[in-house]
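Since the structure comes first, as structure tokens, the remarks are kept for the end.
Letters A, B and C mark the chains as written, and numbering starts fresh at 1 in each.
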Amino acid sequence: MGFADILNYSGIAVFAATGALSASRKQMDIIGFLFLAVVTAVGGGTFRDLILGNLPVFWVVNPIYIMVCAGVAVLLFFTAHLLESRYVWLLWLDAIGLAAYCVIGAQKGLETSGSPTVAIVTGVLTAAFGGILRDLLTGEPSVLLRPEIYVTAALAGAGAYTALVQLDLSYALSAALGALVAFAIRGGALKFGWRLTGYRQRPGRHPDDIPSMRR
Amino acid sequence: MGFADILNYSGIAVFAATGALSASRKQMDIIGFLFLAVVTAVGGGTFRDLILGNLPVFWVVNPIYIMVCAGVAVLLFFTAHLLESRYVWLLWLDAIGLAAYCVIGAQKGLETSGSPTVAIVTGVLTAAFGGILRDLLTGEPSVLLRPEIYVTAALAGAGAYTALVQLDLSYALSAALGALVAFAIRGGALKFGWRLTGYRQRPGRHPDDIPSMRR
Amino acid sequence: MGFADILNYSGIAVFAATGALSASRKQMDIIGFLFLAVVTAVGGGTFRDLILGNLPVFWVVNPIYIMVCAGVAVLLFFTAHLLESRYVWLLWLDAIGLAAYCVIGAQKGLETSGSPTVAIVTGVLTAAFGGILRDLLTGEPSVLLRPEIYVTAALAGAGAYTALVQLDLSYALSAALGALVAFAIRGGALKFGWRLTGYRQRPGRHPDDIPSMRR
């Protein structure tokens, strides 16, 4: 089992856990736990494989990933109530998953296209997709819309990995450093509320409050 | 026309009807009926074909499926107001579609991968996808978050089908029994409010109400 | 650079702008602008390529599309506050994108399948997908649910293009006329509030208000 497998299984397991925690917050039954664990965990990688044309997708080729999700979901069904704050756990596990997936996504993108630009985009999309899907499905406030930086961490991790590979660093070292960068940034954002300052910010009005849209 | 085709066309027609009913509840125009009928009906199968790499997807290969959706949408545009409760119809037709699609999804998954695990997952995802998409697009309360069992019915149907095929039952009999199992469970849930009991349930707090997340 | 490329780059640029405007309305940081610009702009074409099996998708093959999105996002990050109403700009740029993408989607669908029905469906889905995704991700009121016609414009444009190609008009002329039809209809809807009249409309009740659903 190489470093890529370790990242893959870590990403799967922690994203599955965030899906299960989200199911727990919505008081779903055990099948809801399984469903959300699977969808959140394999969502990013499925999307990545579709875009790159690696079909059938990874978990159809190797169903052990599904078993890992199922195991995590069952475990959390019986233990989630023991956690003091499931949402805080969800955010931190999501940060680990983000770190693992931005590197894997970038690596597969680079492999398929040879383009660093594509690598960064597939890295970000792979990392963000599972969490966005989970939040859409359960009606949680989307991680994407939370004030602290989220996509930025994925972008930095995917960018660091891609740059290091271009500098001929070994795959494992580039991947480890890329994941570390992403986790440090997302973790700092969670712990200290880091955010990028906007340029000139003002909130959008609701369409009904825009005079020229009334008739 | 074999049993698989019957299941396929039934699934398409009833999911198209649920999409049209949802459009009617949102007072859309006839094009909105057509759009939601098509998206809801072909959503699950499109997703299944993508994951398994059966491209182009089924309705590009055989556009008659689109015609069926269009016919159903037009019919319901002129008749939906006659129904006493469109939402109750929507839920029951959705139950039929769920039953048909969990079997078809499992069958295609088994065919492509040979893995019962994959078959069950593609069965559940195919069955649940159209309804989830419809509810996301129209802002209906998601079937996924309704208290009674939903995904469970799809899982049971896909599981029953897959098990029976492994026991060397004929395809048609396994499919019929699988669909029956799924429909009986979802129908019972709708009629009697069946739900799986949780283990230790408590609702999640809104992020703003979690002390450690304030700063 | 042929007419197809012009349509493609126009669609990309204006949809990227709508994504960035949506990010601005939600007071996101610059990375949020980049993310939403990319997702909105390449969403429709990605979906089209997946369905038709043109893999890897267009922007993996030709990453310059991503650069265009990034440029638009950065530009709008520094200038969006200068616009009097970002939402009105968003709707009009979305109308241009809709017009470009319904034709491109129809053209690719026709090329792959040879079926006018498929061409119209891929035209509509390609045109509507980016905007729907953007609104789902940012929690804006969906363009799909706004009262004026939206999908209708895409349908008319895709239909006009497909019909003209069947009549052996040149590709460029059919495409220009198809895009014009779509833009004229969507623009008229925005300017004059055009809407198709429903047949017999009544709003749907919330599930909790339906007597037979209480227990």
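Rule of thumb we're sticking to: contacts are C-beta pairs under 8 Å (C-beta built on N, C-alpha and C of every residue); 3 or more make two chains touch, one makes a residue touch a chain.
The chain lineup, named per UniProt: A, B, C = Membrane protein YeiH.
Quick caveat: nothing in here was measured; it's all calculated off a predicted structure.
Trainee: Going by the touch criterion stated earlier, list every chain that contacts chain A (Membrane protein YeiH) and also contacts chain C (Membrane protein YeiH).
Mentor: Intersection of chain A (Membrane protein YeiH) and chain C (Membrane protein YeiH) contact lists gives B.
Trainee: Overlay chain A (Membrane protein YeiH) and chain B (Membrane protein YeiH) by their C-alpha atoms and let me know the rotation angle in degrees, rounded to the nearest 5.
Mentor: 120
Trainee: Please tell me whether the contact surfaces of chain B (Membrane protein YeiH) and chain C (Membrane protein YeiH) are same or different in residue numbering, using the over-half criterion.
Mentor: different
Trainee: Taking each chain's centre as its mean C-alpha position, how far apart are chain B (Membrane protein YeiH) and chain C (Membrane protein YeiH) in Å?
Mentor: Whole-Å distance between the two chain centres: 26.
Trainee: For chain A (Membrane protein YeiH), which residues are shared contacts with two or more other chains?
Mentor: Counting only residues that touch two or more other chains, chain A (Membrane protein YeiH) contributes 50, 55, 136.
Trainee: Sort out for me which residues of chain C (Membrane protein YeiH) touch chain A (Membrane protein YeiH) in the complex.
Mentor: My answer: residues 22, 24-32, 34-35, 38-39, 46, 50, 55-57, 59-61, 63, 66-67, 77-78, 81, 85-88, 136-139, 141, 146, 193.
Trainee: Okay, in this complex, where on chain A (Membrane protein YeiH) does chain C (Membrane protein YeiH) touch?
Mentor: 50-53, 55, 109, 112-113, 115, 117-118, 121-122, 124-125, 128, 132, 136, 142, 144-145, 149, 151-152, 155, 195-207, 210, 212-213, 215
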